[in-house]
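For clarity, chains are labelled A, B, C and D in written order, and residue numbers in each chain start from 1.
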Amino acid sequence: MSGNTFGRLFRLTTFGESHGPGLGGVVDGCPAGIALDERMIQRELDRRKPGQGFGTTSRRESDQVRLMSGVFEGTTTGTAIGFFIANEDHRSRDYGPLQHLFRPGHADITYQAKYGIRDYRGGGRSSGRETVCRVVGGAVAQEVLAMAGIFVSASTVELGGIGLEAVAGSGIPRDRDAVSVDADAPDALQNRPFFAAHPDLVEIWEDRIKTVRSQGDTLGGIVEVQAQGVPAGLGEPVLDKLDARLAYALMGVGAVKGVEIGAGFAAARMLGSTNNDPILPAGFASNNSGGVLGGISSGQPLVIRVAVKPIPSIARSQVTVDQDGHEQELRIGGRHDICAIPRIVPVLKAMVCLTLTDMLLLHRAAAQWQS
Amino acid sequence: MSGNTFGRLFRLTTFGESHGPGLGGVVDGCPAGIALDERMIQRELDRRKPGQGFGTTSRRESDQVRLMSGVFEGTTTGTAIGFFIANEDHRSRDYGPLQHLFRPGHADITYQAKYGIRDYRGGGRSSGRETVCRVVGGAVAQEVLAMAGIFVSASTVELGGIGLEAVAGSGIPRDRDAVSVDADAPDALQNRPFFAAHPDLVEIWEDRIKTVRSQGDTLGGIVEVQAQGVPAGLGEPVLDKLDARLAYALMGVGAVKGVEIGAGFAAARMLGSTNNDPILPAGFASNNSGGVLGGISSGQPLVIRVAVKPIPSIARSQVTVDQDGHEQELRIGGRHDICAIPRIVPVLKAMVCLTLTDMLLLHRAAAQWQS
Amino acid sequence: MSGNTFGRLFRLTTFGESHGPGLGGVVDGCPAGIALDERMIQRELDRRKPGQGFGTTSRRESDQVRLMSGVFEGTTTGTAIGFFIANEDHRSRDYGPLQHLFRPGHADITYQAKYGIRDYRGGGRSSGRETVCRVVGGAVAQEVLAMAGIFVSASTVELGGIGLEAVAGSGIPRDRDAVSVDADAPDALQNRPFFAAHPDLVEIWEDRIKTVRSQGDTLGGIVEVQAQGVPAGLGEPVLDKLDARLAYALMGVGAVKGVEIGAGFAAARMLGSTNNDPILPAGFASNNSGGVLGGISSGQPLVIRVAVKPIPSIARSQVTVDQDGHEQELRIGGRHDICAIPRIVPVLKAMVCLTLTDMLLLHRAAAQWQS
Amino acid sequence: MSGNTFGRLFRLTTFGESHGPGLGGVVDGCPAGIALDERMIQRELDRRKPGQGFGTTSRRESDQVRLMSGVFEGTTTGTAIGFFIANEDHRSRDYGPLQHLFRPGHADITYQAKYGIRDYRGGGRSSGRETVCRVVGGAVAQEVLAMAGIFVSASTVELGGIGLEAVAGSGIPRDRDAVSVDADAPDALQNRPFFAAHPDLVEIWEDRIKTVRSQGDTLGGIVEVQAQGVPAGLGEPVLDKLDARLAYALMGVGAVKGVEIGAGFAAARMLGSTNNDPILPAGFASNNSGGVLGGISSGQPLVIRVAVKPIPSIARSQVTVDQDGHEQELRIGGRHDICAIPRIVPVLKAMVCLTLTDMLLLHRAAAQWQS
């Protein structure tokens, strides 16, 4: 239980370091009879690949996933789905100068404190590279969800402090976007740089990134994940609520510092009469709840937003300490992202897919006697 | 796994409805040899009792906890700690008019969808009353944490949109409070109305509540939980991070709509060079991380903030539907809170205590070989 | 996770000591919509009560169970089912002479080693009295199983070394009984002393117990549990097989020293051609497998047998040590059983009910896509 | 939770089919700082390899394990240990005649019932080949146990109905072997054919196997696993006892039909005065308990025995049905074992190693406050 498994019935277990032979894992609990092949998974992986977006790392990895088990003649068999992704571009460069330094904002210092030993090559297990395995698991989950009519999408709603309010005529006022459903066709969204929630944001954000890059600095942003078609009834109250599990899933991605559902932090400033979503014969009149009431899905779209901190590896010189506690100057070389966005977007989507599939199976386990 | 157990090694399992015989549960995994008696637990329970704060329900419950097992001659024995709290003031009033209506913002409609049946009396299992059991579990956890030198406190930093910036000369600028450590003596804080982060806020908030009450409306707020003395090394990366578990714990409390750690959502708008906490020989120079790096505690104080939505039971008339989907007017009577604060504050503290104790045990299970 | 919870989806959590206020627990994961009341549970509890069988303790406990939650108007609501059973006859006698001695065959010495403290009154948590909670959980499970057409029964097939071969004309040769299905009507079995597998065994066993009692000694026996109506498909291979879960459930009852399924240990001496159960168009021709193949139920009856050791509390004087390691003479007074049978029989049945309900829910969680 | 993970804190998750690309898994929860390399694991794997013993399959697999993560410069880092073993000799023969038949004694029929689909090539996931992954996990666990001074060994005490009583002058009377500690030096045992508990048994068993092979039939046997150096205190009563977990571990290996601890089934026929292990100042005077009292280790050696059924794949013609329920004649070709022994012996040892490591971590998590 040292933290490499996610989920209860639909479970993802992962392994792998940034500079070892590769990364992989096991998807367990996938129902039998789901059509699945490597191309479906590869498509999702390709969306988080280095070089896909603007301002990302120059590390080259083809990230080719190989399924090892659990699929027979194109269909899941109900047994464990093993998978592996080889590390290709793990340059055997000299880590000498960096290996004893603790990079600010990174997990170097905490891994050392926890384990007394760490694989310092490229962050080892704490590298963002581990998220490839989450995307694989999420891609399998997505196929299960599709059979239940559930569709998850994720978009960037703010980058470097610039959000939807910057887009003239976007029609999405700032204090409403939290609870609105993105009207974009998913395909358009998936192919748009940054997975931007609005096409006019792309150029603005590209300019912002150029400026910040020239300053040797980095940026954060806010990502919104939505799930359409979620039936009412998912979530296990009282101590395993759907929104709690979603928060767990999303806060568990590196660089995420906040999670809110529906109106989120804005709800803390509303009056009850405004925040309550009226229930009409035709359905809910608003979605400040974000699709969850009492920890159980309401049948409305799930709307959840995530704060992503700026990449800690900046090009500027920083002061830090080495393992002996002595002050040192740190200069991080080369090929790092300016912003975790857009690469984190498919990862956040994957975590929601994993969570919803798990909650769907949990709900179905017990839901049959009463219907 | 229908959601009534929290934790992996230090586990709280609860039961009970608002209007049944009572509520109770089992604390499992508590180490042997911890001094514990009912008074220690009662003190925490008394802090969330109805009538303790301003603007709270008029329901009268003494909330007397009785320990049923697991403690022998004042010391835990390592066996399961059973406890029970009787419901006293569960008026057998006529629920006729309410029992078929779905109250907006409540879990009536989702419980009905999930289970096809619900105990409609006072919210049944979805009543906020279930949180008494969390406070009991948290109180036991607090004693374990005390032996490890860990101290958790919680305070209200914003209510009805009015936060620390409203306090002249408070010395806590708005964009810093997220990461500052409250300087109040814990005892002062614990006895202050609203568990307000600053004494001057009390009167301002009382005025705000009076106004809103007169309008038949309700309020939300923001609570900050801090943990001092947390050693570096707690948290199980990659898929069971400390911040993920804290988000799970806190988002799992009814009325919570958002969770952020350290700089939180503000971090999404910072530059990397600003957000990074420099590491100096004397320790970290700031705490934008909120005490967690890579999912593992850094040794700094944990700082986590929670958005609490306004109470959905407002005095105003509302439109809703009944179980048959017909439109109905809803008028909720009597004795309800204006704001979940201050009663939710001890609950949020309890959830952090439960989480940290669990993570402490998890860490210790494996941490012995390397030291 | 200190061992007071059983199950994954259908979960029983228990607490309570022999001489505290009482015992109780929580049944979590029970589907909504199951008819349930205290009388159904009481009927099962009455079957393991002191004084029910021959050769049992003289401790008088009415063992009245009280449901605290999870049932509304006679039907389960899907929420946690809390229950409590008060200890009535926990004589506040002087434990002085016994409290520092380790009774041979009991858990006194191991609890002391594990926890450094123990509730020495009547065995505390290690008392056989804890099994009342298992029977409550099993009784709830039984109602779920009934809705799925599954029926579990348990009978004693051997006591004090005397088994079915002692019964002239019983028609059940010794080496076949492992796999035969008991032909007794369940009601007859449930009301027969010892829950004896054959009526003629009762008198023989009564004589045996009388003799052994007069010698101040105690006896063991063998219990067979069968489950009819189990559909093919239950069990989660490879590392959570149905037979593994059954062995876990049954070996986890105090006094059990062995578990075998189908032909069991006899299978180790058979040839493959004899042990294999031929598959015919009409079904399996024999049941040496005991109803499980590859860890998954085959659709045949489950047949599992359990070895129960003699009660360690004998009337004879024994030599032992005290907590300081000094040799002491031990004389255990009064009111103890001669044999764990028949009181353990309902407990073993309950454990199988709990296991099957859990495996049924686990299977159903994933089984819907392929059908 | 479809059964591909074993353990709570020290966890093994596996995947892989008999005729896919290979098998592998993840060992999670291994403490940091343990010396580990592929040779240590390979040594254990080589002990279960085809061709190692007499009467085993002719399938040739080098079973070379490759570690993918979790080890850095020869030491565990506390992160997930991924591993992979390629299938080499998975002949792409024509499965046409066999693919629709249900082999008696195999899991073909139950996998089909459970999943509605199965990888019929060589048993797919239900192949005994999956046990390579258990051996890998057990080998890692063994290194952890070694640091705690715990040593696990396994030997065959009976094969084809011929046990230790057949060995003249063996000095180990039949009814005592259950509780005696094997005096063989572990190294001698590990290198002896069949891992025979006594050297004189080897020739007798070889003769027996020759005869049975010539008849086209197969054999079972009994394996005893012992653990020396287990400290008192391991095991989580009441519902997660050490003996329950051991029974779960061992009954969860394919072909195992019974598990007994200490005196086991013989205890059911003993008097209490005989079965009780007297406690003397110098320690226990006997070990009928098998090293567990009340579900907690007593400090004595663990002694547990396992019944292994004969291999179901016999050379003789059998009658069975196909997937459509029509009667068919079955002739299983070629290269199958006569007896699961000796290849199952390292697997059973591995399962005990996995279980003890898990229980050791569980115990240590809570055991620190009281010491």
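In this section, contacts are C-beta pairs under 8 Å (C-beta built on N, C-alpha and C of every residue); 3 or more make two chains touch, one makes a residue touch a chain.
Quick caveat: nothing in here was measured; it's all calculated off a predicted structure.
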More contacting C-beta pairs: B-D or B-C? The answer is B-C
Counting only C-alpha atoms to place each centre, which chain is farthest from subunit D?
B
Between subunit B and subunit D, what distance separates the C-alpha centroids? Give it in angstrom.
46
Could you please state the distance in Å, as a whole number, between where the Cα atoms of subunit B are centred and where those of subunit C are centred?
40
Overlap residues in subunit D, where contacts from two or more other chains coincide
1-5, 8-9, 14, 29-30, 32-33, 78-80, 114-117, 125, 237-238, 362, 366-367, 370
Where on subunit D does subunit A make contact in their complex?
1-5, 8-9, 11, 13-17, 20-26, 28-30, 32-33, 66, 68-70, 72, 75, 77-82, 84, 114-119, 124-125
For subunit D, which residues are in contact with subunit B within the complex?
8-9, 29-34, 78-80, 144, 147, 237-238, 361-362, 364-370
Going by the contact rule at the top, pick out the subunit A residues touching subunit B in the complex.
1-6, 8, 12, 14, 102, 104-107, 109-111, 113-117, 125-126, 130, 158, 160-161, 212, 215-222, 232-241, 243-252, 254, 256-265, 267-273, 275-281, 288-290, 292-299, 307-314, 316, 318-321, 325-327, 362-363, 366-367, 370-371
